[in-house]
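Below you'll find the structures, each written out as structure tokens.
You will see two complexes here that share chain A, one where it goes with chain B and one where it goes with chain C.
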Partner chain A sequence: MLTQRRKLAWPVVALAAFCCVVLFAGFFAPYDFATQDRDTPFAPPTAIHFVDAGGTFHIRPFVYGPGDSGQSAESSAQGSDQPYPLRWFVLGAPYKIACVFTSRAHLFGVARPARIFLMGSDGYGRDQLSRFLYGSQISLLAGLIAAILSVAIGILAGGIAGYYGGWIDELLMRGGELFLALPWLYLLFAVRAALPLHISQWQVFLLLISVMGLIGWARPARLIRGVVLSAKERNFVLAARGFGASDAYLLRRHVLPQTYAVLLTQITLLIPQYVLAEVTLTFLGLGVGEPMPSWGALLSSLQQYSVLSSYWWMFLPALLLIPLFVVFYAAADALQELHKSVPL
Partner chain B sequence: MRRIRLAKACVVLIVAISCAYAGARALPSHASDDRMIADGTPGHAGGRLVIALRSEPKTLNPALALDEPSRDVIRCLTADLIHINRESLKTEPALAKSWSVSRDGRQYTLQLRRGLRFSDGEPFNADDVIFSFQIYLDEKVDSSQRDLLIVGGKPITVVKVNDFAVRFELAQPYAAAERLFDSIAILPRHLLESGYRDGTFSRAWSLSMPPSQFAGLGPFRLKEYIAGQRVVLERNPYYWKADRAGNQLPYLNEIVFLFVPSEDAQVIRFQSGDTDVLSRFSADNFAVLQKQQATKGYHLDDLGAGLEYNFLFFNMNDLAAQGPPEIAKKQVWFQDLRFRQAVSAAIDRAGIVRLVYNGRATPLWDQVTPGNKLWLDEKIAHPARSLEQARQLLESAGFSWKSDGALVDPHGNSVEFSILTSSSNAQRTKIATIVQDDLSQLGMTVQVVPLEFHALVDRLTNTYNYEAAVMGLVSGDADPTSEMNVWLSSGETHLWHPRQEKPATAWESEMDRLMQQQLVTLDYAKRKNLYDRVQEIVAEDLPIICLVSPNILVGAANRVGNFRPAILVPYALWNIEQLYVQ
Partner chain C sequence: MEVLLRVKNLDVSYRGAGPSRHHAVQQVSFEIGEGEVLGLMGESGCGKTSMALALLGLLSEEQADVSGSIQFRGEELLSKERSSLRAIRGAGISLVFQEPELALSPVMKIRDQVAEVIHAHNDCKWERCRADAELALARVGFSDVRRISSAYPHQLSGGQRQRVVLAQALACKPALLIADEPAASLDARSQCEILALLRELQRELQISILLISHAPEVQASLADRLMVMANGRIVERGPFEQLYRNPSHACTRAMLRTAAPASVAADMDFEMVT
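Coming up: the complex of A and B.
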């Protein structure tokens, strides 16, 4: 029991830390996600120096400023010898915390005209790190909303189907199979094409995510139905029924609580799945539009051969996603183990 | 029906022409036949060239082909009467060795070359010309060339003078009459007439037919077609051109057209040496290819601005009666010249050139690109980007800013609109994204919506359900007559407000008058003055906000000789009969 809890600890801590950074993306990101620096498209990650050209060691790390304007885009990122020290807790582009408070404080930055692109810049000269952090907000939110939606419907449908059985069960489960067989990608294409043009990208995105969540209820519903089927035959449930408890009371008090462990595991499994769905959608041009960043948007430029073959730092967001998904699945795994060992 | 017409209109504009030779001159009179001498460096006979096509040709029937791959192949198989030289952009003799114009400018008498044979060995004469034009002008065939051959509202009439002379009669004088003949392939009567009489012409020369059923007057003839893989052409032994040394053209034994579906895949095939010639690729890929230019045995050319112009335009259709009301409300802004001027002033054209095209493009303030030297109006001003000026213009038009910087119109509505682009054109989507950022600095909220191309065209020309769009047009020819469809207020490609019954604004009616007048004026200097004024109207009244013209980029393996790419379609292959391999 204890080892299992310990096994759960590290992924949860890692996830919490990541979510914290993402929540305060504005603070950790040095720039706004949409600010274009048209002099530095596809700038490689900025090198951080401790030793200057003269061989002197500096305690405060520094970057070199831009070279003469008029240089070609590829070489202008770090052209001059003028050092600009890295500053902590600087004021920069304004951003909102939790959509309410406005702040201008950033964790780090350098004085203009120097720029710091820790993950390089994209084809519009936008900071990739800032876009990754802001994009994580959107992608994780997408995953969360869709996962909660499908699990919520799953509980409802699975609970009712498992508890009442009979024709209701048949109807709901066969209906669920219909949803499983749906080619959702084409459905989303159709939904996107039918939307009017003047609604904002945000609304489009939320709508698509909701559609994704709504049509994904069948799998969690099946699982929950299974758990409910066995739970309702347990002795204490039968006893409560014998004492005259209503169906609603039984479901709420005795049956559904037994599905919570399964649900938690399901959500941790579904979130990365829907995050990936978002990545796919945006990659195909169905997700958030420019200039909003998301993981899919960050990866979509890799569709071009010229980017793929020339700018290695455009892969960095993809590389960062790998450990993140590992953590998600580790958490899901640990939860499942925990749930197996918990006596029902 | 409307869709079909639109397709035709697009073809007139966007599409191109057939293939030929440079600066040719007629043979000395003692020659036994009428072979032409091409002026390129004499090369070696033999060898083959491999070229990638974006998709399979749909047909090899010149009267029915609409897609670019079909036309690319047909150009190699057929020839026209009078041809536009892709280097000088002027007309020159082709199957017609000479021609004369009547004094009123309405009759063209063409003398045909004698002793020519189709690629199956059958002789060519005036009957083939008469037959070809009969097909192109037949409404039932519905060829895309028909629109071109209607001058002054009436179809051109074709009269046989003798076996080697034909006369074309026009309803009114037509400035660019000679240029009409370019792209009109002469068909073999002996192969196609029976099918035309039976009513099966629409199925003639589909790719599934055996090669023996095809014949043309082009440098090559069909050898084999393998569905999904390639079309192979072989040398036409009866071709009617020779080089300066008297060698029969073409030099190449074979041309292989591979079907390679995407630009990136084409670039990779070219890079690895699988294909010999590459055209129509982006500046980003140019940069990738450039890195290995020295080691990989190919060379790249940047020919400078072509004839393509990309622009932003607003929906100025008359939506009062029908059409989405929320768009009609925004049209008050779009129809205000100061609003359009502000947008134009705020756009960073230099930024577009740098970010979208890696510097391989030219900023534009009107529709004629610097590549079109015959028609460019040098007097058009090139104002630098100025957000300050843009704000002043908006202010004078009654717009104001809220405390958070958002722009609102005099009625207090915030200025929000969407810009449509084609999702298959990465450059235009990128342009729209830059415009979005530029306009956000004026406080406008702009959505960029990439749509599938046909859905986009449907919105622009049928339903008018859009607010603004970024589009590009490529003239098929340098001459302004190829742009009639765009600038006449009744035109199908008058994108911001197509098919008007009478011009909606004073400047559109002036533009109509100028375009009609240049069409019937025969003197170049006078026509130039008229078209200069059209360019000034475009720059001043901003029906479209011209942004940028991409450079024509081509590449070829070093072993390809006589490679002389041009800015007109088909950029790299226009002198294919003179290309040779070393």
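Coming up: the complex of A and C.
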């Protein structure tokens, strides 16, 4: 059991660290997600130097500032010879922590007119790193809420189907199969088409997560039904029934708690799936719109062939998703092994 | 003596694959009076536990067909609604399951597991139920109730768990206790303790007990009358002493005579002295 615990440790630490960064995106991001800099569209990732043109070594890393204002975007992105040292804990654009506290402190920054774009900038000259961090808030939140929604419906449907059996089981499970068979992408298009063209960002966000969550209930429901089928046959459940416990009580106190380990694994598996679904939907223009960043929105500029072929750094958000998903799946795997090693 | 439970022509048949059926209990009839201890003996697989589950309506319709008549205090249980049957389970008839380690939830504290029985039958707050649960635990002979009640089942010994299950069963003061192998999974010493406790509680609370056990020494120490079951039928009945001295059915003979005779005899002497 100890080895399983240990196996769970690194994904949990990694996820916690990532969540911290995302939660305080405003602090870690050098710029606001909507600040445009029309002088530097599609700037490549800013190079960070230690050695200047004269060959002198600097302990404090620096970036080169923009050249003269008359120069083209291409050469200004390359920078002039003027070094701007990288500064830690600087004051910059104001942002809100947890929607309440306003702060202006950022982890790092450079003095104007130099800009630091660690992941490059997009077509409007907005910092991709800042947009990625702010976008993580939306994408992860969408994934998390949709996963919880799916699993909540799954508990209800799977619990009732497994516990009562008979026609209600048949009805719920056939209904679930119908949901699995639905071409949900086109369904979402249809739902979006039925709504007015301009709806607020929050409405779009809610629509996105509710559709993802509602459509995905069938898989967790099946899983939970299976666990409930065996859980309700446990002797202590029969014993509690023999002492006069009601069905609702038995389900709540004795049967469903046996499914929690499976549920936790399931949520961990569903989050990256839903994050990916959000990316897909937003890529197709069904997600939150400009200027709100989300991972799908960040990647949607790749729809243009010119961007695809010329600006490789626009792929960076997609590459960053890979280690994140690996961590999620590692956590799910470790959770599953942990609960296998602790039989209830 | 007033009749508490009257069972007539009870049949339990399990559904197998296809049309085949397994008749676990066939044409069983018996009566239990108020304050009486009726012993039920039989080899494993002869239908004792099936009958116990059928008496409380714990066999689901998909699993098994139950027919015949079960009258508790003159009320027919087989035709009763599920919800009204619930009021009888635990408060009118209680079932002590065999294997207490499986009959207790591994993730709930002992106090809560006893309290849930009380909660199911009394419309009172959980704090009240928990306080009553501690009283019920004290009644089954726990001296350090505080420690036991906040423990989890795996922290207790087999004998302690058996007492906890007994406390659950007796928490709502039922009129009839069905004890399914109450001492089977225990070592000799705990077995004696549990049997002594059962006897004491039975006298104190004046409850009836249907004592299911294949062990003659258990039956000898508690049962007023004895029934022997084989292949789902009652094959012989009478006082223990009579069956022990001249068993008429081969099954009775096999069951009573295979156990170490010395311990049976010793137990019988003890019973006669007290």
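Methods note: the second predicted complex is superposed on the first by the 340 of 344 C-alpha atoms of A that agree within 3 Å, B and C clash if a C-alpha of one lies under 4 Å from a C-alpha of the other, contacts with A are read in each partner's own complex, and residues count from 1 in each chain.
Throughout what follows, a contact is a pair of C-beta atoms (placed from the backbone, for glycine too) under 8 Å apart; a residue touches a chain by one contact, two chains touch by 3 or more.
Just so it is clear, the model here is predicted, and its values are computed rather than measured.
Look at chain A after the overlay: chain B and chain C fit there side by side. Applying the stated contact rule after C-alpha superposition, one finds that A:Gly175 touches neither chain B nor chain C.
Looking at the shared chain after the overlay, A:Ser310 reaches chain B, while chain C stays out of its contact range. In the superposition on chain A, contact of A:Gln36 is made with chain B only, not with chain C.
The superposition places the C-alpha centres of chain B and chain C at an angle of 140 degrees about the C-alpha centre of chain A, rounded in steps of 10. In the superposition on chain A, A:Pro85 contacts neither chain B nor chain C. Judged by the number of chain A residues each one touches, B leads among chain B and chain C. Applying the stated contact rule after C-alpha superposition, one finds that A:Gly242 touches chain C and leaves chain B untouched. Taking all C-alpha atoms of chain B against all those of chain C in the superposed arrangement, the shortest distance found is 51 Å.
Residue ranges of chain A in contact with chain B, taken from their complex: 34, 36, 38, 41, 72-73, 123-125, 193, 196-198, 200-201, 285, 289-291, 304-307, 309-310.
Per the touch definition, chain B reaches chain A in the complex via residues 264, 267-268, 282, 284-285, 287-288, 324, 326-327, 348, 351, 354-355, 358-359, 416-418, 420, 423, 426, 429-430, 433-434, 436-437, 440, 447-450, 455, 465-467.
Residue ranges on chain C touching chain A, taken from their complex, read 53, 56, 58, 62, 86-91, 94-95, 97, 99, 102-108, 116-117, 120-121, 165, 168-169, 172. Within the complex formed with chain C, the residues of chain A that make contact are 165-166, 234-236, 238-246, 249, 253-254, 257, 344.
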